[in-house]
Amino acid sequence: MDIFVQQLINGLTLGSIYGLIAIGYTMVFGIIGMVNFAHGDVFMVSAFIALICFLLVTTVFGITSIFLALAIVLVVAMFFTSLTNWAIERVAYRPLRGSFRLAPMISAIGMSILLSNFVQVAQGPRNKPVPPMVTDVIVLMENDGYQVTLAWKQIIIMVLTAVLLGGFWYLVQKTSLGRAQRAVEQDRKMAALLGINVDHTISLTFVIGAALAAVAGVMYLMYYGVANFADGFVPGVKAFTAAVLGGIGSLPGAVLGGLLIGLIEVFWSAYFSIEYKDVAAFSILAITLIFLPQGLLGRPEVEKV
Amino acid sequence: MATGIADSAAGAPAGQNVLGDALKDAFFAGLITLGLIGPLVGFQTVAIDTGAGSVLGLAYRPVTVAIMVGIVFIGRLILNLTIWSPNRVAKTRSGPTVFDRIGTAAGPAVKPLLLAFAIGFPFLATLMMGGMTQARYLLDVGILILTYVMLGWGLNIVVGLAGLLDLGYVAFYAVGAYTYALLATSEPVTHFFGGLLGETFWANWAFWICLPVAGLFAGLWGMILGFPVLRLRGDYLAIVTLAFGEIIRLVLINWVDFTGGGAGIASIPRATFFGIPFTAGEDGFAARFGLEFSPMHRIIFLYFVILALALITAFATVRLRKLPVGRAWEALREDEIACRSLGINTTNVKLSAFATGAMFGGFAGCFFAVRAGFVSPESFTFDISAMILAIVVLGGMGSQIGVAVAAAVMMGGMEALRNLDFLKQVFGQDFDPALYRMLIFGFAMVSIMVWKPRGLVSTREPTIFLKERKAVSGDLVKEGHG
Amino acid sequence: MATSPLSAATHRWEADPILTVEHLFMRFGGLVAVNDLSFNVGRGDITALIGPNGAGKTTVFNCITGFYKPSEGRLALAHNRAPTPDELATVTAIGERALVGTDAAVYLLERMPDYRVSGEAKVARTFQNIRLFTGMTVLENLMVAQHNALMTASGFSLKGLFGLPGWNSAARAATEKAKFWLEKVELLDRADDPAGDLPYGAQRRLEIARAMCSDPILLCLDEPAAGLNPRESLELNTLLRMIRAEHGTSILLIEHDMSVVMEISDHVVVLDYGTKIADGTPEAVRNDPRVIAAYLGVDEDAVEEVEAEIDEIEAQSGATS
């Protein structure tokens, strides 16, 4: 029971991170119907930007308040990651709109390889550890020496995810940007005829997706205390799995999927085998796509003849 | 990276303050570049030894950033004033490219020439380098390129002809390699044949028996994996095949008892000249044929084996295209719904494409195992799938000659990167050009898609004609139902 | 009709239907696109399915050709002769998709996937927005249409791969058949051109030729005259008559062009909002007041009704915005 509660907490934390990344996949798929293969690597880039910013802030500028430092890192990482994703869309995807459908995806695969190797060349192949941040924990239960703990950083991650999701939900449902997004999603040509700047709307979608991935990147760095150039691929695939599981195109679905994937991964590692945890994630992806392609909260597609 | 970012100037009416606009645009491009590369190139995270263990610190590279931003600024400025200048009349899209003509009109001449070169290559290399041993490196590169030509042709069936995006092709390469590695090193199998046909039989014949088995087995895996997923839409299919590829690799790593885990399988029996081993002894190839023993005989033989395998792939593809199954593949790529309205069972058609492609991947995998004498999961990462896919895409989906040229350019180019030692003189001793291989590769993949999404050879050869064979323009050919 | 042994009072679609549609329903979520539709298609007839835009005609086509699975209903296609009620009841009860005898066969199309409808039941179709293999040549398009026959002849590729004689003769025969149809649709000299290069009218004809190459007994054409000029429309009429006369293929078509419909059809079925409002000979349908109201024009009272409805909707939306 104790282990179960502890794993539940860990799973929800991990799931929050996946959920934040998954939103980026789901939004881009919703609006231009492509699987943005490079999104996982954008997340990894954000973790590196956060790492560098963190080192700058703490060692060079000498800021000692960890929360102030984290806030600065968050803002800086969101800005630069958004810029990166904006440029990626502009350079690698926009020219391919209207090309055959798989072209943007192949371009995205190239971009994914480019990003991870760019970071490898620029920052080196080794793991980059940072000193532990926010180490305080709350002991929830104690039984025969086994403590169920809730770390402050876990609280930060879950609260931040919930707040961002709320804000984001408001953005998409209530603002003109959200309306424009949904209109472009439905019918790009018609939206353009009604005076919506389609390019602008799509760019903003990428920017928002990247900003959320950057939050995930900062959280990931804070939680695990390490960044590596290869860390984009597997979390990226897992977040994509989350998006698919929740129903690609659906925002609550992405978060729900993220939490589920986080829980499944953590429980699988705890109760079955840690070696096969990635196999489990990939299998869920395949099984979902085969048997439930519309996901839990998505709408089924009708083939047009 | 920043090319094409802010082409606000491109829309300006001609003649209006061209230089000013160009400068402004170049300035913004430079600024964006600074934002993109500033954090990751400008600062380097380095481990600093403090005595009590290492701590992560920062090193600074402002000069590199300045150079890169400068290159983008100046490059953009030049482009704005020349190619993208508003005063320049835009050229309308031209017809078939040089490569298209090579692939079609000049095809009859080019293909035999390339073939003759491929056959004569070991002799040319030996002559050029002044001896077989010295030609070893060139031959190895040749074998590498041919392996990728074969893999490219195999994947071409799936992606180029049938229009199914398969991101897990490496899985079948792995299945082929492990089939041979496991069978050839298996104790029971060796014992079984040892008792039946003599001690040395299995060691000498393992490759030739396992080659078809590996291909068929990979094809079977293609069917098993393909069956549930082929109903899916193009991009979903791509993701599921990627997932399957990764699952197979992870199982190879983790199922230590069966596959040897991450350490792989070593001392796999070498290839033989149809049962005659390439050894120095009396029964060896050299002694039997009255030649002086040289370890290079085996390498040259391997070269011809992969050449033959690649040619079989090409030949089979050419034949299959003219058969109903091949036409159905291409029809499927063009319009799946129309196929179904003509009574074509599209699941079977997809499955046959998938399995055929997988089979050739399996042959190539078996060859890989016998050439290297060692297999491990590290040889079968997603990067390999991406590389093969890039070869097919660059070559022009569906074009055999294009794929062959693309494989030669890409694999040859990557090998060449290893040898650019003079760059060390320029950038310092720490500079390792090989590190940039995948970086350049990723960049190339994006560039191909943006500038030439239909690859080098975009025209399509019809499979049948009444009077005259006319190449079909790439603009009409669809690239998968996606 | 003169050669028919039946009395003049009985129509062919009643006496010898090739396709019987019974109580067909198609629902998409809450929307009922086809509502309890029943009609027959006579063997050897040219049957037109007409109705205003959005009446559900293409949905009916998609149900018949297996692209949609009907929500309810039976679609029985008969080879050679109409099935007896017993036969129909048997095949429906045993849950098989077809009952194939020596002299006749009946297929329940609603139980068959699209490729079996075309491949086994021999129902071919064309599409409203032409679906050719644009990157393949005209001749290749017709060869693909003979896929199933050629697949058997090529020994599922094995014979063909090694160029065995049986395959070569089959391939030649297939080319001859393609040439035959190319001649019929006047595209023989464009055989080696990509299908995507043909002008619109020629693409329509090629699509029909391609469908005919799959040896259908029922040919379903979705707006074959759309986008054709008057001369091409006339040629289409001739082509369709020829197909019926020389090949005995029954034709079911959706069409808006009344000159085509009234000119060539033996039987017209009119749909509106997913239900059948008229069914009969062209003359009978032309004079049916419900058809005139729904399709050819709306009478005075109805216009007033509609206007009142629009006012009401506008008032409502005005209040909410």
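A, B and C label the chains in the order they appear, each numbered from 1.
Throughout what follows, contacts are C-beta pairs under 8 Å (C-beta built on N, C-alpha and C of every residue); 3 or more make two chains touch, one makes a residue touch a chain.
Predicted model, so just to flag it, every value in this text is computed and none were measured.
Q: Write out the two chains that share the greatest number of C-beta pairs in contact.
A: Top-ranked chain pair by contact count is A-B.
Q: Looking at mean CA positions, which chain is nearest the middle of everything shown?
A: Checking distances from each chain centre to the full centroid gives B.
Q: Rounded to the nearest whole Å, what is the centre-to-centre distance of chain A and chain C, using the mean of the C-alpha atoms as each centre?
A: Each chain reduced to its C-alpha mean, chain A and chain C end up 49 Å apart.
Q: Taking the mean of the CA coordinates per chain, how far is chain A from chain B in Å?
A: 30
Q: Cα centroid separation between chain B and chain C, in whole Å?
A: Spacing between the chain centres: roughly 46 Å.
Q: At least two partner chains per residue is the criterion; list those residues in chain B.
A: 337, 478
Q: Note the residues in chain A that touch 2 or more other chains, in rising order.
A: In chain A, 303, 305 touch at least two other chains.
Q: Please output the residue numbers of chain C that touch at least 2 other chains, ranges allowed.
A: Residue numbers touching two or more other chains: 67, 127.
Q: Under the stated contact criterion, what part of chain C meets chain B in this complex?
A: Residues of chain C touching chain B: 65-67, 114-116, 118-120, 124-125, 127, 131-137, 139-140, 143-148, 150-151, 154, 156-157, 160-161, 175, 179, 188, 191-197, 210-211, 214.
Q: Where on chain B does chain A make contact in their complex?
A: Touching chain A: residues 1-5, 32, 35-41, 43-47, 55-58, 165, 167, 228-229, 231-236, 238-240, 242-244, 246-247, 250-251, 254, 337, 382-383, 386, 389-390, 393, 435-436, 438-439, 441-446, 448-450, 453, 478-480, 482 of chain B.
Q: Tell me, which parts of chain B touch chain C in their complex?
A: 316, 319-320, 322-325, 327-328, 330-331, 333-335, 337-346, 352, 460, 462-470, 472-473, 476-478
Q: What does chain A use to touch chain B in their complex?
A: 34-35, 45, 48-49, 51-53, 55-56, 59-60, 80, 83-84, 87, 90-92, 95-96, 99-107, 109-115, 117-124, 126, 128-131, 233, 237, 240, 244, 275-276, 278-279, 282-283, 285-286, 289-290, 293, 303, 305
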